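Please find the structures below.
Two complexes, one shared chain (subunit A), two partners (subunit B, subunit C).
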Partner chain A sequence: MARIEEIALPRERQATAWWRFNATALLFLGPAMALVLVFFIAPVVITFVMSFTDLATSTGLSNWQWIGPENYQRMFRSQFWLTILGNTFVYVAVVLAFNVIVGLGIALLSVHVEAKAGGLFRSLWLLPRISPSVVYALMWTWAAASPPFGMINYVVEPFGVEPRYWIQSDPWLIVILINGFVGASFGMLIFTSAIKAIPEDLFRAAQVDGASALHVIRRITLPLIKWPILFVLVYQTMSLFASYEYIYLTTNGGPGLYATETWSLWAFHTALSNYYGNLDFAYGAAMAAILVLMGLGISVVMLRLFRFGQLVAEPRVEV
Partner chain B sequence: MRVVLEHLTKKFGDVAAVNELDLEMRAGEFVALLGPSGCGKTTTLLMIAGIYRPTSGAIIFGDQRVDHLHPKDRGIGMVFQSYALYPHMTVAENIGFPLELRSSVSKAERDKRVREAAALVQVAELLDRRPAQLSGGQQQRVALARALVKRPDILLLDEPLSNLDARLRHEMRGEIKRLQKEVGITSIFVTHDQLEALTMADRVAVMRDGRLQAYATPAELYAKPANRFVAGFIGSPPMNFLDAELAARNGSVVAKIDNLEIPLAHPPATTADTRAATLGVRPEHLAILPPGQGDANAEVYVVEPMGREQIVDVQVGPRRLRAIAPPGFAARIGERVGLRFAPEQIHLFDPSSGDRIA
Partner chain C sequence: MSKHTFAGREAGGYRLSRRQFLITTGAAIAAAACSTQVGQQSPSGAAVPAGTVNLSAWTIGPDAPSYYRRDNLVSAADLLNKKLGGQTQVHVDATFESGGQWGDYLQKFTLAAEAKTSPDIILAGHENLAPWVGPSYVIPLDDLIKKFQSEGGLKDVIPTLWDAMKLKGKTYGVPQDTEARPMYYRKDLLAKMGWSKDKIDGLPDAVKKGDFAWPDLVATAKEAISKGIVGPGMGWYSRTSKGADIYMFYYQNGGVMQDDATGKLVVVKDALQKHYQVHADAVRNDKIMTQAIYGMDGKIFDQTVMDGKVLFFNAGTWKWKDWQTTYKIVDQVLWDNVGFMLIPAAQKGGKPVTVSHPLAYAVTSNAKYPELAFRLIANATTPELNSKHSVTSAHLAILSTQKDDPTYKQDKFLLATQYMLDYTRFIPNHAKFGIYDDVLYRFLGAVEQGQVTPAQAVDSAVKEIQSQVGDEIIVK
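What follows is the complex of A and B.
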């Protein structure tokens, strides 16, 4: 039978036929395409365009001018850009490791204990996720408050740890813990459902075959949730690159100059919330543009590295 | 290795899935646990495997009590209904998995035994494939090889054939039976299909509602079912049951059904004057005769030709009975016939307890 493309039509009718054939598809895809265009593509384009201007509160919204790549030159002339880039990679890498390892740990532990206890345990870990970010961050600033206050001080003092103002003395520890404790629940949820989707018989078979609990995890569970693990890795890397709210609400990039400032926080500070009162929209846009490029580059590398194409094509667990 | 279950009980909440089960399997025997779904047969198997912990009772392998042992320490191989092949491993890795966990088996030894086990079940050429690339029958064979590769003392099979199509099921039935005898391993398999149990097992344990109903060879189960449930569950098409009353006639005993009187070759031992009983007769023991002959007059209700034989449903008064007729038998719906009960083949059960009385 001839396929649609092979049916020859007079030239003038080909166009109308194309419309007729694709109209339904366009009709259904249209709203989603419009949303993607307005909320994803347009902001990126506007950011890139803006980064070549001098738009700021000092120039006013009407008096801006094209200044070419000057914002970019300024950024890389800054004595802090390397520190901030380094901070960003440390932040992403350590928090990512915390999120994935702790999330996986909770998922594995909570499915191997009694079902109700496991569910309760998982609900506890969801608490940071369901409390408003500002409340959650405020609780951390109180917990890490300077002596003689701060819950952390009360907890660790009996173990011989000198009481201190944790946000000042160990800002990175606080930044990692506050992001990690809220972020781990994402992996936990995904991993738990993935583990529960593995047919029970596989675990029974492994037990009969002589596998210990650790063997089962290493040889059965982990290989079968490879895809969710990679998904969480890629997804969380992207979100961490763009996230700054908990750092903003606790250390605010400090203490001192840029000690815990990450790239996205730098862009936010420059464009929307800086100390000098001159909101440098265009300069911040240039920083955000670099962030977009970093994100793109890393996602391409990760998808290549994990052979994304093969991964999604691979047959899933079948019984 | 011999397997003994003593007063084995498993409760889930208040419900006893298995209730005071006593069963002994001889070394090298092939035993079927047969029963309708929910009868406790799979629960029993999972207790033998060590996946479920019994609520009470004992499981003994050889002379050793094993019910406190972890599955891996029981020396069992198991084939699951779903086959439970590890989807991310090749066939060779699947079969070799139980050996991989034993440090005493070297890599070379493992490879050798994997190839032996694969050859035994005829999947030697599939070793590099993944389970998703195998047919149901091939997956079944791989699961068997994985269960046998560590040379277990006992082989457990949970509904081994239910995921196969009819033709393959027949083929695997024979193969598993032959393999079991070749390897000589004590094997227990769970099935809801009476035909599988009869064709494959040396002895069949029939279960219902967590309790053992009968434990006998297939021939015994068929010829002398212990109670009405077993009589109705075993055999296809199933046995006909009729409410009857036993009465003495000229020195022998007959079963009275309304105005019919059916002579009994083996009346029950008790000699009460009259007694209610459930009369059971298998379709193949009802002969269809020309009208006016035999024990009863009947009318043909429907005829189902099966090739080798025909199943004939006949109406006798208000009751409908099922008989088997030879392929040459020709009768139209509504036609009058005579019906003869083979007196040697009549089963009698107590109407209240269901136990066999003769």
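What follows is the complex of A and C.
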């Protein structure tokens, strides 16, 4: 009986063989790996390293010192870290729900009307996304301005709603709407293309069988766009965790005691935005480091929950 | 040669091992880091070179009429060039930011300073210099002040303004301007309430003497609302955003912000509670101030007060010119309808108060010729140039000689408000003041919004400041 024996190569030749075998793959992957290293891995490493120093405006790059975990201790000594953490989860959850539900609703509605009208409707929903962030936020601040100004006040007053400074009286409403109207367009685009990719035969067959519109959506459309929905959920969750620009430009985390301050905005305020110029880079880096850990944790949970392995697995049947 | 080699990495017959590669790379990074450290050293500061010297400067309003902060440096170059006698010619490239935010301007400078691209001269608030001293973004000026004491109008700078430029005994800035933050009032509305002209015009004096105190202001505002002269919540408008004005009510109630002996920040709990109570009462109990004041758009504030809808309102002296420039209010209309006074004392017979925020020109460590940069600033500090700035932007005199300057003497608003500097206080020069301020301001908002009571706010604010600045705070 023939016996296959392992061929023992000298260590040097093993390494040479390994390089020869993998050289092409490394050549092709190299640029992307370098980009990931420089723009993703290195900033995270620098953030973590910086978080163990006292780097601030008052030290500059020349006088900083290692201070161990003091920044983390200081962060959790603050009375407000739990409030800010809670705000972050509320913000992500509610805006995410708004984005997905409204995005899906617009996609379903616009593909079921005449093509031109549907296209126009979707274009209108894209306006917030294509407007520059600052202009878009500024329009909201004007619309929600304090009485006797503010377009919202003009619109709601005839219905008996007392004019108010909406940004201050209902800050979460403004934060959710301003982010939601931008975010919904992302889901809308993905869902529309996914729905349009469903073979027409399935809808015709369902109609022949007498299925109602709701049945068609429930039994055909939604199951077939499951993966795009999951993609939008995961992607938007991560985006929302790191985003703060519209909150910064409207409520700025207030009013008062961190009412709408999210974790990323807290890090930004601490590291890069202080009225008197006292920027606390290292302390802000510690906050950002916690955000990175939160993001990693949530990514792992979501990828497992939504069985990412199945999403990227090779199909069982050839298509 | 090591057995573990990288195939295809030969250069000139030499094969670099993994270990050698790591060691070499590590050493290169360490060397680069060390060279960065060495690069932080202050410039040698060559005195006066021959030829043309370009000096750069950044200035800011943010109020539009303060452009002489830039223009005076440009004008000073002519004066300096005459003194330099032709061998050296100074050319100034100065910028002026109008309508922006202080925080963005300061952040831009901080990042530029680290990148070694900051200008030679920076204009900033006196308290902004404190965090810049540690990393040497700005240089001490004491030796230069001594050497060029007769240059420009340096010797005539009002002494208390020099005090505001000092940190740990060293001077880091030259005063550029100062102001006061009055309590403005509408004369036309008081007249509608039945006040006589003499009583209206005598209000600033009554405040100065302590005859018209804070409770009187509140009572007047309440009366105006009850009579329908102004709408609900429009008896008094305070500042709408962060700024030094906020602390007028802390000082009014006996507050102290910095310990003279140690330089540490100070919070006086009793004064802080009274400061919060003033705002809580105004918004929630007496309802003389709208709850929407916190974070209100500055343009809405200005438009509302200029429309004559608010009885009392806080703003800096510079707003007098800004209202004319931006809101096209004619000077005489302002004089006819708007008056100004100190912030009334907390109780009758007490001392009224205001807050000033002197701005300063500082020489940065990036300046190649710090002596020339300083001399340029000194030559921009003259009665003529400072008075031009004062009358254009409604900022007060920083030189004792300005009161005799023909331009300054013609401006009755400046003359009428100059006395306020006798009652003024400053915010502290401390590297962690921004953190202290952030906590106190957020709790002020919370009190106005009814999220916490003044007593709760004081306890929580003190704890929060202690947790954030450690032993840099003294609680009294």
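By definition in this document, the second predicted complex is superposed on the first by the 297 of 319 C-alpha atoms of A that agree within 3 Å, B and C clash if a C-alpha of one lies under 4 Å from a C-alpha of the other, contacts with A are read in each partner's own complex, and residues count from 1 in each chain.
Quick note on the criterion: a residue touches a chain if its C-beta (ideal position, glycine included) is under 8 Å from a C-beta of that chain, and two chains touch if they have at least 3 such contacts.
None of these values were measured; they are calculated from a predicted model.
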Task: State whether A:D54 touches subunit B only (first), subunit C only (second), both chains, or neither.
output: neither
Task: In the overlay, work out which of subunit B or subunit C sits against more residues of subunit A.
output: C
Message: Looking at A:T16 after the superposition, I want to know if it touches subunit B, subunit C, both of them or none. Which is it: first, second, both, neither?
response: second
- request: Using the touch definition from the top, say if A:R219 reaches subunit B (first), subunit C (second), both or neither.
  value: first
Task: Pick one for A:P199: touches subunit B only (first), subunit C only (second), both, or neither.
output: first
Field: First (subunit B), second (subunit C), both or neither touched by A:N252
entry: second
Query: Across the complex, what residues on subunit C touch subunit A?
result: 3-8, 36-37, 40, 102-103, 106-107, 109-110, 113-114, 124-125, 127-128, 130-137, 242-243, 290-292, 294-297, 300, 431-435, 437-438, 442-443, 445-449, 451-452, 460, 463-464, 467-468
Task: Show which residues of subunit B lie in contact with subunit A when the two form their complex.
output: 46, 49-51, 70-72, 76-78, 80-84, 86-88, 97-98, 101-102, 130-132, 146, 150
Field: subunit A residues within the subunit B interface of the complex
entry: 199, 201-202, 204-212, 215, 219-220, 223-224, 226, 315, 317-319
Task: Show which residues of subunit A lie in contact with subunit C when the two form their complex.
output: 11-12, 15-16, 19-20, 23, 56-63, 74, 77-80, 141, 145-147, 149, 164-165, 167-169, 251-252, 254-259, 269, 272-280
